[in-house]
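After this come two complexes, each holding chain A, first together with chain B and then together with chain C.
After this line comes the complex of A and B, so read on.
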């Protein structure tokens, strides 16, 4: 008897617990639908320039994206990149603890919010740069993948038939990796376009493998030619100023991308013949250099274009006769001895936050004005 | 092994999609207190001290940043490379936020890089230093004490 009682208990107990869990789950779901139902709301963008009729309850970033307005985000709305800043004109309460680490005092005073953290629970009035109205999502096709070095790939994406993109050299796109392994949702990361703006049916990116990186690992281990991929863009305000000032460009690794776009565009327009340009590119060994033939050809062909490659740790087999040292050391030598600083000079940088900080320190040391040094600090 | 509410919350924050897309636990289904206890025992067996280990890892992370994104050789023993991204990551224990900086440290043998390397972030260092947590097995940022011994304290 005791045995059969224990067996009944063993069967009944899980059923009872399961039943209670199901009821609780249903209650939570119903409560969620009632409590988080904010009904039909309106988001007013840039004082009536666009009005979105939306269902409330979701994060502003997601709500806008669902309605074709793409705010830059490098972490997919997880609140870890601080890129998705939007000015909220309406009073929606104090900043959240998840926002404050990413906002300067002036930004907080100006009602700048992280759109991934702010939920739309009432009618909203927001302000965004007009350029974001031009941002679109494209389902492109991978036309070509080229290994530039052991850890950098050139990825050439064809846009859907009949679609074109207008962008300015230096802007970036968000490249989306689909879910794989334990990654359950699509993941986007920002990469500068390396293609020229005249190639309106394609986008090209240089993507360096970041160990542990979700999108770069996908690109390096799984992405294949012919595959469909989502790209959102163009974003960013890093671009070459139309001043004619001497241009000092500094990059390393995949930071080459915007410069490839810029120099090809300048070749198309003829600006490469009229503007003084110094381009410094740093790598560790010769194996980490790429596009050397093209850049040396520009250097030889155009009197005002100067290409300086530097290796920080050249190997004996490299047989390297060029500049050596960290790119900041080489930059400092050239600013001291070679670059004509009696003329207006502008700095253009692309690289990691650490590289940008180090280059800016050198440029400041040589009296280059900070407001004349341009970069996109998204790494 | 019973977990405090703080550790229960931390384990929830470590799931994929909460702080990072792939989480902190890999395919490890153990409670984090068990992961920590097992790794503490392994550190002891390997005669590794937490303070000394963290200090060396922090030194290599700092050195890696000097390469400005490119690999650099440190003390003739390691090639280190920093990978920096915009923004911060919150600790799953909700005790701080950390810059997105990863360092890959590769052991050099007879002047050549070996296949032995470890990968860690500023946040990983914090978790090891303050919580003795090396992350779950199968995770991208899991470092086993054995790998630390092999790469950082090779004879």
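After this line comes the complex of A and C, so read on.
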């Protein structure tokens, strides 16, 4: 008798807690439905260029995305990256405490807001760069995955039949990993396109495995050929300036991506024959090098294209005869001895923040102008 | 057994003689951190009062249910769930009704969920066997008491900003000493009326 009482007790407790939570949960969602109903609103973009008729109550970032306008956002709207800045012209009240850490004083004065934190509660007037109208979401199909090194994969995505993307070399796309394991929501991360812009029906990314990275781990452990995947793009303003100046490119690891796109594009246009180009690629051991054949071929074929690969820790079995040392040391050596610095020079950097800062320091040391050094920093 | 104290006396008792902050030292964390600023103190005091009144009433009803089912030992968990849900709803409503209040409360509103004064009042309500009206009045009074104390402390701290406080005691140090004096001052009321 007593045991059965205890058993009933054991069941009642979770039931009661569950029941109370369910009732409260229902109350919260009913309140949400009633309180957060702002009716039909209009968002005016770039003074009349586009007008969206929307339902109010959700975050601006989400509302825009639902209507096909994609503001760059690396964290997916959690307010942790600060990328989704948008200028809101209409007065929507002071900045929220969740916005202020990401905004400079001038930006606040200029009504720049974090679109993932701002809720659409009234008619909005906003301003965004025109290039964002070009941004679309594509449901691509993975056509090919190639292992370039032990930790970098080349992922070739086919866009849906008949759809095309217009982008400039150096821009990036946001690659979305579906929920897996403990990751409950789709997660987007930005990767530079490595395909040439002329290949309008495809996008290619070089994705390096970052330990603990949500999307990179997904790509390396789960992504298969033939799978459907969401890609949003193009974003970004890293591109080659059309000045004809000597180009000094420095990259490491998957920082190769924009340069692959750039050099292929230059081969198509013929610019590779007329413009002086130095491309430095730094790696640890020979195992971390890839695309060597292609780059060496460019080097041999075109007089003005120079490719320098450097290993910082060459192994005995690598049988390495090229440059050794940190990429910054090699860069400094070439800037001092080989590069003709009487001509205008521009720096193009792509890689980890540490590598970028070190290379910038070297370039400044050789009197390269800061505003002539362009970079694509991996966050 | 329900105590005989009238809701009216209980109301004043919970504000002055049994002040939740100064007699029971509950809800200290936000008391110390927010009292730096008078405006935020006012907003938080208001929010605490509303949350206390509503949650104590709701928790009283929930407690009757738990008692009937013989599950009183679950009260801690259930009280916290109720508090969290009420704060959540209150946040949505304030966001809709008054943007300026929402802005001034900001992050403090969700933080009320973990304010121990809120759970403390619900637990006192249970220990002392209050009736429904006693509970609501006790919650409301405790909220006003909390509001009063944080406004008083905040005003004192404004004066202290200009006072020659020794470097080692600046900030939290002198604040805690001040709270001690305030608590002693409030003990003066305790002879008049006892919360029970």
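Just so it is clear, the second predicted complex is superposed on the first by the 353 of 379 C-alpha atoms of A that agree within 3 Å, B and C clash if a C-alpha of one lies under 4 Å from a C-alpha of the other, contacts with A are read in each partner's own complex, and residues count from 1 in each chain.
Keep in mind that, in the parts below, a contact is a pair of C-beta atoms (placed from the backbone, for glycine too) under 8 Å apart; a residue touches a chain by one contact, two chains touch by 3 or more.
Just so it is clear, the model here is predicted, and its values are computed rather than measured.
Student: Tell me the contact category for A:93 with respect to chain B and chain C: first, second, both or neither.
Tutor: second
Student: Just checking: does A:82 make contact with chain B only, chain C only, both, or neither of them? Give me first, second, both or neither.
Tutor: Once the two structures are laid over each other on A, A:82 reaches chain B alone.
Student: Touch test for A:264: chain B only (first), chain C only (second), both, or neither?
Tutor: Neither chain B nor chain C is touched by A:264.
Student: Comparing chain B against chain C, which has contacts with more of the residues in chain A?
Tutor: B
Student: Touch check for A:192: first (chain B), second (chain C), both, or neither?
Tutor: The answer is neither, since A:192 touches no partner chain.
Student: For A:20 in the superposed arrangement: first (chain B), second (chain C), both or neither?
Tutor: second
Student: Where does A:115 make contact in the superposed view: on chain B (first), on chain C (second), on both, or on neither?
Tutor: Neither: A:115 stays clear of chain B and chain C.
Student: Taking the two structures together, which residues of chain A meet both chain B and chain C?
Tutor: none
Student: Using the touch rule from the top, collect the residues of chain A that touch chain C in their complex.
Tutor: Of all residues in chain A, those touching chain C are 9, 12-13, 16-17, 20-21, 24-25, 27-28, 31-32, 35-36, 93-94, 96-97, 119.
Student: Enumerate the contact residues on chain A facing chain B in the complex.
Tutor: Touch residues, chain A against chain B: 74-76, 78-83, 98, 101-102, 181-185, 187, 210-214, 252-253, 255, 282-284, 288, 312-313, 326-328, 351-355, 358, 377-379.
Student: Can you name the residues of chain B that touch chain A in the complex?
Tutor: That would be residues 16-17, 19-23, 26-27, 65-73, 82-90, 97, 100, 102, 104, 119, 140-141 of chain B.
Student: In the complex formed with chain A, which residues of chain C make contact?
Tutor: So the residues of chain C touching chain A come out as 62, 65-66, 69-71, 74, 77-78, 81-82, 85, 88-89, 92-93, 95-96, 99-100, 103, 106-107.
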